[in-house]
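In what comes next, chain A is part of two complexes: it sits with chain B in the first one and with chain C in the second one.
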Partner chain A sequence: MTLRNTILGIFMAALLGCAGCTAHAADAKCGANTGKAANGEPIVIGGIVSVTGPDNFSSSGLAATAYFKCLNANGGVNGRPIKYQLEDDGWNPEQSSQVAAKLIRDQKAVALVGNMSFVDCGANQGIYEKEGIMVIAGVGVPRDCFFQKNYAPTNAGPRVSNTKAVMDVAQTYPGKIKRVVCIAPNIPNLGEWSCSGAVAWIKKQGGDGKIITFDPGSLDATSVVLEAMAFKPDVISVGTPKGLAVPIFAAAEEQGLADKVHFTGPASLYNPDFPRAIGKYWDGKVTVDMELKAADAGTPDMQNWLAVMDKYGQASDPRDTFSQAGYLAARVTAETLLKMDAAKIDRKSVTQGLAEHQAVRKRHVVFALVRRRRSSSQRQSRGPGVVRQGRQARGKAGVRRVGRS
Partner chain B sequence: MPDFTPFLVSGLATAATYVLSGVGIVVLYRAAGVVNFAQGAVGALAAFVSWSIVECGGPPGWSWIAGVAAAALVSFLYGRVIAPRLAYGDPIMRAVATLSFALILLGFMGYVWGEAPRRLRLPTDTMSFELLGVRITMTRAIAFGLGVLATTAVMLFLAYSRVGLQMRALASNRDLSAMLGVRVLRVDSWAWVISGLLAGVSGVLLADLQRLSGQALTFAVIPAIAAAVFGRFVSLPATVAGGLAIGVCEALLTPIPVIGPFRTAVPFLFAVGAMLWMQRRVTFVYR
Partner chain C sequence: MPISTARLPLRAIAVCAGALLALYFLPAALSDYWLRALISVTALTVASLSVSLLFAQLGMVSLAQYGLLGVGGWFALRISHGLGVPFELALLTGGIAAALVGLVIGLPALRMRGLYLAIVTLMMAGAIQVLISAFGFPDGGSGILGKSTGTRMMMARPLLAQNDEAYLRYAIVIAGLCYLLVLAHVRGRPGRAWAMIRRSEVCALAGGVDITAYKVRAFALSGFLAGIAGGLLAGGVGQLDASAFPASQSIMLFALTIVGGAYSWLGPIVAGLLLRAFPALLNDFRIDGNIATMIFGLGLLHALITAPRGVAGQLADLVRTVRRLVGGKRKAES
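On to the complex of A and B.
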């Protein structure tokens, strides 16, 4: 290789490198953005996620961790750093109660932020209300998360997400969607409930629906798919975490179903690793709901989220809807704390401050509306839209929006 | 009345993987007197090694062989290094030691590979034929064939080979066999290698047919143990029957309302039922 070619090669590599990083080029901005590390007395904030168990359900907590690291490197809360303690509940209600007690009673956390768990809401409702602590969860999953006094998730939940996903398929293929099957894990207050909106909606449209729940510990996905097909559905919504959805899609591929039935799913499947995991067979054949903006939307908030994750998170941390939710939860909390007198921050003042935050109040208003209008699934629908999942594998530019915006 | 035929067909392949693991557990128990709770975790390791090799661009065929070999190696190392030191301990202690080994392997796999969504694929996944309204991939057919083949091979090995004879001698009386010149450590090692091989094949097949997840595959040992209980940890034909019955019953319960979502309890019911059945004579004697 000549010197000229070498220089040209280095130049091209640098150019391509810059082109590749333009989407993430923005500097991470957090809190007061002073660029100076906070070194005052730490403010303890906790978080509960499910790392070990049937699936790793922690990306919201990881994003909150990254945001608080960024905040601490940029002045913290008026000079006081956040000591963020993330605990794993292992999908186990008893363990969830133990870690909640540890964070709230032993560590004296002023708030819990970025929670993401299948069991946290049900197991810890009592302690949250008794101790007067506010939880700004990244992701609420079971029904309990959306009907609690001190619990404000940033997402709309699997019920709304499943319903939106099915509605989108019905709108894309008008008049052709009459029968819906929704698959969910048989977790109390989650499985049936998460599918009930989609099934209620299709019945209201004159169609029919069926809910299939299965044990997350079960290995036999083919039987679940065969049971779904016995209903002769037009749409199958796979309302599970991504790890549990992979074998269901594998079993459906084995039966050659992609061309016979429309497959869709809630926001839990909006994950960059997911299209690769289910394989090329599904390219362009699965629509998945997303609750926040598309990861490659390029808006200032999305760019900052990616910049924070790149600089303060791990390369292995997912960049998915739930990561966005964790970032949002941490940011809402930081905004609230920054408005307070740093010397007077305690649990009572933080709970009050968070309850008065516009975003949190709006969440409570939304949930109050959801409670009143539960029968009308369409009214619950919110969020920016639905993406066709298969394209994600090939790069962010390939994400195609086919739903509402 | 739901049509059970498709569920019967789909359940047979899963049942075959239970059979493979169950046979491995029984062979090891007969030779070394250890109930191996790490059978599932060793299988999971085989699946992850295979997946990693394919991910790095390695040839799939060699990746499965390497995965199964890794499982046999890990099992052999445990059998050679740790198991002999516990050989004269309480049977429960030896069983619990394998449970610890399973948890160590599970932790290792969690650390190295995590729980990201992934899938292990075999080329036989794309070849299929239709049977009773269900599309059967060659992988499923191979799983079933291997289940039958491996059981037959192990039975012949135990019945006719010299090492098989020594294994049976050890199972009958360990001390006496040692005094008669049976090289206990060597025969034990063979049992661990066979158990590791069966665990590896079962793990790779389960990861392809069901889910590549350390947790799920590690706890796939439960139906295999239930199958072994069915065979009293002695009888290979009864273990095969138990494994097939558990896998098929699990699948057949799927379309039944109310019970379907809880069908994973089938292995426990089978194990409890088998134990009660085995104890019936004792009850009769004491009456």
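On to the complex of A and C.
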């Protein structure tokens, strides 16, 4: 182990320890924080995530579930509890449209919150607009999520995230990054789109880029990696969820590529379990983008998110960037509902209330929330929001290393 | 002169009237979740009908039918977005495009059958999967591929069926027309020719049957049905997903057509229900829908070992048994 890694490891252990202490020490605060359970007429809110299929992509919905449980235990929405119904779309547009109809038309949900799916935006665009329902998604993935009238994701999306990740590598190794490969699932309006920003950026810098898309249902990781290497890249951005990225990194490890190419990825890889999943071989050799603050940042928001997850979530629920996004989506919704007359809450008023929420109007609710709550010193310390993967430790200008813990 | 009621097919009239009433009232009684699930069931019933047509009439196994669904859906979407034609025309275009591709897939069938034909058609399904994965489905953009760079367009539904309830009725009517098309073929000259080919190609040839023409016709008709199913599916959701048409789904479609009963008109309906309603039921009860695949495997084993005529055959046997028992009791009472 190099001296640098040792120092980073010690720093990381200290940070994780502190994060653990603060998370357990803090009390979960939600809504009016009355400490009394709400027992009025439930307000139905739905959520659509992808549980079954190529990867379990649901942490945003699980965090929203935990937040609403916390809210219900703390007075709910002026006495009315939230009945949060989370549905699985199985990465299938047909199933996604079925569960959307179930939530919106059968269950009469007033809003959808914490959505996190690769197919939801495309499959349900019509019903969301037709039924006039607002979706405060945890995570927007395909392009459709960022072009819809009634859809407000809390994240900036994989296109921005991939571009930031590649830019960070290029800035870290000035003059050495000329050729970029971006890998993404071939889901409509996602694959090429999510990589196009990074490729366009590197081309503008005088370099070249290649986009490789694959079928997430039948991933042949070795073929993908070999196809990527045929382009002779300096950087490979793995723009997939964690579950699909792990076999790609395993295939790259088999080819011994860690020292030949820089590996990076969007925020979908910001997960404390990810370094463990890809193994020690990759320590300090992968950077991933981070859209929100680090899980162990120790800010009031991050502490409360961890406290809510610890008290009201399951131990198995991920504490990743998408979990943060789901928590925020639920909190924005709760803040809006709390300002309304509880007796007059219906879909129309909730849609209007959410549409008028400053954060939703700015589309990326999370940035507004974080900005509002961050002190000026914190604001300065926040860098480009890129996570460097190795051991979890703070690096230069807000860049963070994540590694085995 | 009074009409003799004895000559009227009262039973058939009663069945038709019952079906019409069910067609009107059943969608109105369903939740929106089940309306959408049954739209998919109806589309998959037509797809299963295309498999059973080849298997039951010609004894041929085609493992490319789900890929043809994708072909039909692709062309229906492209025509609908590109030209803004009525849904019916887009649906028909999808059917014809899939029929042409089906015809190409059927060419190896002129020289081979059984396992070899199954393998060749499966490879064709793989080729379709690769093409669909590479180019995706049209979503309102310009150019040959119709890929949008802005907001995605949804496929326009028929004027008569804008909401889910009406679209389910519409899809059932289309499925009924597909059944009639198959029935017209089976009861006509092609059906007799197919029966002879199934029994023995040598005998069929000796009987003056143009084997090539009738085999090609069967594959084209089968492809047409699969294409119609793809168009119905695209109209139901408004778009199609490139990852939803893997070659493995063609195997699943064939397997469940066998489980449902390829030799009966009821079989494709059972297959459609198994393919889409059963996972939807599990999902509704918050049980992992993938468990359905395991149950389908057991169902296929059951069908192969004990019920070669599938669930439809078992249901027919059950009805016969009940009738015999009821009839026996009546005779005993009289």
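Note that the second predicted complex is superposed on the first by the 348 of 405 C-alpha atoms of A that agree within 3 Å, B and C clash if a C-alpha of one lies under 4 Å from a C-alpha of the other, contacts with A are read in each partner's own complex, and residues count from 1 in each chain.
The criterion applied here is as follows: contacts are C-beta pairs under 8 Å (C-beta built on N, C-alpha and C of every residue); 3 or more make two chains touch, one makes a residue touch a chain.
Remember, predicted model here, so these are calculated numbers, not experimental data.
Once the complexes are laid over each other on chain A, chain B and chain C cannot both fit and instead clash.
In the superposition on chain A, contact is made by A:S316 with chain B only, not with chain C. Using the contact criterion defined above for the overlaid structures, shared-chain residue A:N92 touches chain C, although it does not reach chain B.
In the superposed pair of complexes, A:I278 makes contact with chain B only, with no contact to chain C. Of the two partner chains placed by the overlay, only chain C lies in contact with A:D144; chain B stays clear of it.
Of the two partner chains placed by superposition, only chain B is touched by A:G256; chain C is not.
Of the two partner chains placed by the overlay, only chain B lies in contact with A:V224; chain C stays clear of it. After overlaying the two complexes on the shared chain, residue contacts for A:A37 are found with neither chain B nor chain C.
In the superposition on chain A, A:A343 makes contact with neither chain B nor chain C. Among 73-81, 91-99 or 235-243, the region of chain B with C-alpha atoms clashing against chain C is 91-99.
Overlaid on A, the two complexes show chain B and chain C touching the same residues of chain A, namely 51-52, 186, 213-215, 217-218. By the touch criterion given at the top, residues 31-33, 35-37, 40, 129, 133-134, 136-137, 139, 148, 150-152, 154, 164, 233, 236-244, 246, 276, 279-280, 283-284, 288-290 of chain C touch chain A in their complex. For chain B in complex with chain A, the touching residues are 2-3, 6-7, 10-11, 14, 110, 114-119, 121, 125, 128, 134-135, 137, 206, 209-213, 215-216, 219-220, 250-251, 254-255, 260-264.
Residues 51-52, 87-88, 90-95, 97-99, 101-102, 104-106, 119, 122-123, 125-126, 143-144, 147-148, 185-189, 213-218 of chain A are the ones touching chain C in the complex. Note for the complex: chain A touches chain B at residues 51-56, 186, 191, 213-215, 217-224, 226-227, 230, 242-247, 250, 254-256, 271, 273-274, 277-279, 316.
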